[in-house]
C-alpha cells in the first residue's frame, strides 16, 4: 500500500476500502465496468478498491493507515478516524439512508412497544444512534431498553431466533429480517432523513499531496451515478451487476436502493453539504457519541474533536480539526471541470 | 481328555512363517516347560494360547470346545517384558485381580471385603519379597521387582491355565529359588496347569513335568523366513510332582537325552 | 553441560522464561513511542500510561448506567461461561473419549462422526446454533463445547486406543469385563492426557468464547473487546488481551501442577 | 466377542461409521420438512432441492462479471490459504517444537512464551493482525499460523520432552552431540506426532481461515458464507459447510494413511 | 592409577537410601561383574557411573579427573530393559553409532563410507545372530532379539568403558555362549573396561576378572528404606583373561568362598 510512508509525499498508487452496502456498491461496480480504469488513466493514478467484508474492520484499517480512503458513515468517520487523531476529509457525500436502517420489533406496532425489551444491535454504530433517536421521538431514554451487542454479520440469523424480539440493523440485513413472521419496522432512517450519511473519506494529508486522487474519485463516482440512475436496460444491467456483487438478487437490491437517497447529482450533494442542517446533524451525532464514550477516555467534552464544514464553519476544538467536509471535488464535478 | 489341544497350528507374520504344524495335547495339571532359541516363536505360541493373537491356521480346543477368542480369568499370564500397570502401586496392581472378580460393576472393594483382599494381597507380596515396597509405583522399582510384581499379580488369581514367559529371567538365584518354591506350591495346591517359557534348562527340567523344545526343523539359507519352528523334542518327565525339588542333575539329564539347541537362523 | 541434558534450576528457569516476555514488552514500548512521536493521538499502539488510565476507569469506577465495575463484571461473566463450557467439554470427553477409545466397535461407529464434527467450523453454522440454543448463555457455552470437545475427544480416545494391548489382555486375564477395563485401566491412564488435552484446549476455548461474545452479548471480556474495537480503543483491547493471557496461563499452570500432584506416576522419570 | 477386543472388519467398519452420518442427514431432512410445512419460505433449514439448485448455479455457471466459477474459485482460494498456513505452521512446529522439546534450556526460555502465545485468542488481536500484515493474503495465512502453530508446537515439544531419557543417554553414548540427538532421535520420533497434531489442528485451522475470510476477503469459502449470511441464505451456507467438512475429512484421511505408510513403526501393534 | 574411582558414593531416592558408602577403584582393562539381590541398587550404580543420574553424595573420577556429568561415547551401555530405538530397523540401530561419530553435522553416512559402515554393522549383526533380521523394526522382534540388538549397538562403538545391565538375561544358553565369546574377544582385542551386572553367578565368575557383590549390610525391619546396599564382597579373580573359557567350576568357586545372597529386604 505504501501508506505507511510519509503521507504528504506525492505518489500514484492508492488503496480505497469498501464494504457491502447498497450506497457503496457503485465503487466495486465501477472497477469491474472499467470506469475506474478510465479515470485512472486520465489523472495518472492507480486506485485499488479493496473489499473488507467486515465494515468496522475497513474503517479500522483506514485509521491504522493501511488504506488511503474508505467508505464510511458520518458517525463512524467522526468516532473512529477523527477521534483517533487522523485528519480525515469527506470528499463525496454519496447518499443518506432513507429507510435503510430500521428498528424492528416482533409483535408490536409502534416504538412504544420496545420499552423494557432486549434490543439486539451493533452497539456504538449508527444503529445505536438510530435507536437513541427512535426512543427520543417517543419520549424514552436509552435506559428504557437493554441493548445486546450483536455483530452485523450475525444479526439476521440472530433475529430468526424466537428469543430475539427487537433489533436495529441496516440493509441488506433489514430486508432479510423483515421476512421473519410478525416483524414490523417501527422506526426507520426515513423518519430522520439526512442524519445517517454515507461518505467517501480520504486521508487529508494524502489528498493534499495528491489532489488527483480526489479528482479521479469524484469522476468515477458521478460517472457511475449517471449510469446507475438511468431507467433503461443499461442502467438496470448496472444495478443488476451491483446486486450480484453484493451477493443478492436484482429485486432485493432495487428494494434497498429505494430506501437509499442517492445524491446522483453533484449539485444536490453540494447543497446538502453546505446546508446548516449538516452542522445540526453532526452536533447531534457527536453529542450522542460523546455520551457513549466514543471519543475515548481522554475526551473531557463533546468539543474534543474538531470538525470543519464548507465555508469555514467549525464545530468543536478548532486547534484539533480532524474531520473536514471538503466540497472541492464535488464542486469540480458540478462545474464539469473533471 | 486333554485340557488344551492344539491342532496343526501355524503362526505367520506377513511373509514370515514363525510356527508351523504345531500339534500338542496338554493334560490338566501338567507343568509344561518350553525351551528353544531366541526368536523361535515361544512367546508367539503363548500369545496364541492366551487368545491375544489368532493363529494363521489350525485350531485350539479347551476342554474339547474351541478356545474362546478372547481371554478371560481362566488363563493367567506373565509377559516376557513384565508389564504391570504403571498407574497403580504395587498393592494396587496385586489387588486388581481380586477387585475385578469380586465386583463386576464398580471393580473396587470396600470395607471388610477390601480388608480381606488387602491381607491376601499382602501375603502374596510377602512371598515374592515385595512387602516393604507395597506403596511404590512400577517406575520406582528395579527390573526384578517389577517382574516379581507381575508374578504376584498373576498368581493371586490362581487361574486354571497359567502362561509364564521367562518369569524369573531378571531375578537373582536366591529369589529365584524362592519363586520356584512358591510356584510349585501353588501349582500343587490348586491343581493349576502351567506353561512356562524359560531359557534356563535346569529350571525347565526341575520344575516341569514335560519339556518342549521349539526350533526350526528346516532352514532355507536364502529365504530364512520360509520355514517356521516346530516342536522338535517333547519329553514327558517321569518324575512325580513331589520330587520337583530334587533338581540336581537336571542339567545332566538334559544333556543325556541330547538336547542341544540350534542357534542359527531362528530369527 | 550438553544442551540436551542440561536442566536449568528453578530460579534460572523462571528468569529465562521471563526474558522473551520482557523483550517483547520492551519492543512494544519502543514501537508505541515511535508512533506517538509521529501522531500524539495515535490509537493503534497506546502508551502504557494511556492503557493504565483506561483500565483504571474500568477496574475502579462503577459504570454509571449499570452500577457495575465493568472489568470485574466482564471477567466474571467470561470465566463463568468458560468454566461451564470447559467443564461440559471435559465431562463429555471423559465419557465419549473413554467409550470411543476403549471399545473398537464404538470407535468404528462414532469415530467418523467425531472427526466430521471436529473439522466443521462451528462459526460457519451459527444460524443453526442460534435456532437450537437461542442467543443466551446456552449458546455461548454450547459454542465452546462444540468448539473444543471434539478435539479433546479425538485426542483422549486416540491415547486410550494406543495403550499397549498387553494391558487390556492382562486386565481380561485378571477377570475384568469390558467395563472393568474401561474403569480401572483406560480411565485412570486417560486422566493425565485429559488434563493435557484440556490445557491444549484453553487457547481454542478462549477463541470460541470471544467469538461467541462478539456475536451477541452485553457483558464479558470478548464483548468489551469487540465493542471498543468499533472505535479502535486499543488502550482497552491490549490490557484485556493481556488479562486473558494471564488468566489462561494461570489456568494452564494450575492444571499442569494438579496433574503432577494427582498423577505423579505419569510424570516421574521412569528408568 | 468382548467389546474391548472386538475388531470390526473393514467393510463393517465403513458401514458402522456411515450410520450416524446417515441418521444425522435423515434427522435434518425431517426437521427441514417440519419447518417448511409451517412456513414454505423458511430460510433456516432449506430442503435438499433448494440447496442443490443454489449450489448448481455456483458450481456450473460462470459468474458473468468475473467469468469465474465461484464455487471453484472459492475452494481454490481457501485451500491455498489453508495449505500455506498449515504448511508454515507445520514447518515452524518442526523447527521450534524440536528445539524446545529436546533442549531443556531452550524449553525454559521459550516455553512460557509459546504458552502465552498459545492461550492468547488471536481473534481478539485481529485488528492488530490486519494492521501488521495488511489486508492481503498474508494476514489470512498469518491468522492460521498464529492460531494453530503454538498449539502444535506445544504438543510436539511435549511429546519430544517425554521421550524416555534412556534414549537420549543411549544416543550420547553412541557419540551423538545435541544436534545428533535432535536429528536422529527426536525428529523421526516426532514425525508421527506432528502428523497427529496437524490432524487435530485441521478443525481450528478452518475456524481461523473462515474468521479471517469473514473480515477481509473477496473470494473464499468463508467469504461466501459470510457474504450470504446477511441474507440468511442457508441454502448456500449448508452445502458450503458440508463441502468444508468433506475437504477436511479427506485431508484427515490422507494424513492418517500417510502416517501409517511412512511411519509404520509407530503404528504397528508392539508386543 | 585406577581408571574409574568412586569415593564414598551415596544414592538416595527421596527418603530411601539405595546405595551407601560405595568406594571403589576400577583398573583399566578389568572386567567387573556385579551381582546382588533384586532391588539392591546394581542398576542405580551403573546409572551413576554412566552419568545418567547424579549421586546424592560422593565423587567419581575418571582418569583422575571428575567424571563429566553428561555421558559421551567413552562409555557404552546396554540397559536392563533392552531399549533400542523403535523408529530404526535393526541395521539402522546398529549403524547409528557409526553415523554419529563419522559425521557430527548430518549424523548420516553416504556413498563409500556408508557402504563400509554397513559392512561393519552387518558383520556385527552376524556375530549376534541377527543378520537375517536386518530390516525388522524392534516391535517385530522377540525379546531376545531386541537384547542382542542392544548388545550389537553398544559393541560396535567399542567404548572405553562398557556398562552392561543383565545383557544376556533373555538369551538361550546356546546364544548366550556365543555372546560370551564375542564379548570376551572384543574386551581382549580392544582393551575395554567392562562393568557387567548379572544374576548368573557362573557367568559372573567365568567372564569377570573381579566380582563385586552389592547387598545391605544392615537392615532395620521397621524402616526398610533406612539403610542402603554396599559392596559386601569384592573378589579379585587371579585367573588370567586367557583362561576365561575354563568356566567349569565357577559355581563351586562361588560357593567355596561362601557367597550366599541375602534376599530379604533389598527392595
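Quick notes on this one:
When the chains are written out, they are named A, B, C, D and E in that same order, and each has its own residue count from 1.
By our rule, a contact is a pair of C-beta atoms (placed from the backbone, for glycine too) under 8 Å apart; a residue touches a chain by one contact, two chains touch by 3 or more.
Just so you know, these numbers come straight off a predicted model, no measurement behind them.
Chains touching both chain B and chain D: C, E. Averaging Cα atoms per chain gives one point for each, and the point farthest from that of chain B is the centre of A. When chain pairs are compared by contacting C-beta pairs, C-D ranks highest.
The geometric centre of chain A is 37 Å away from that of chain D, both derived from CA atoms. Put simply, the C-alpha centre of chain B and that of chain E have 28 angstrom between them. Taking each chain's centre as the average of its CA atoms, chain A and chain B sit 83 Å apart. Counting partner chains per residue, chain E has residues 43, 52, 70, 140 touching two or more of them.
Multi-chain contact residues of chain D (touching two or more other chains) are listed as 2, 5, 44, 127, 131, 164-166, 172, 177, 214, 229, 232, 269-271.
Chain A has residues 60, 64, 154, 157, 160 in contact with two or more other chains.
The part of chain A that touches chain C in the complex is made up of residues 56, 60, 63-64, 76, 79-80, 83-86, 120, 122-125, 143, 146-151, 154, 157-158, 160-164, 294, 296-298, 320.
On the chain B side of its complex with chain E, the touching residues are 13, 35-39, 42-43, 80-81, 129-130, 132-133, 136, 140-145, 147-148, 166, 169-176, 178, 199, 201, 224-225, 260-267. Listed in rising order, the residues of chain D touching chain A in the complex are 39, 41, 43-44, 63-66, 126-127, 130-131, 134-135, 213-218, 223-224, 226-233.
Chain B contributes residues 50-52, 70-73, 75-77, 79, 83, 85-88, 96-97, 99-101, 104-108, 137-140, 153-154, 157, 159 to its touches with chain C in the complex.
In the complex of the two chains, the chain D residues touching chain E come out as 164-167, 169-177, 179-180, 183-185, 188-189, 263-266, 268-271.
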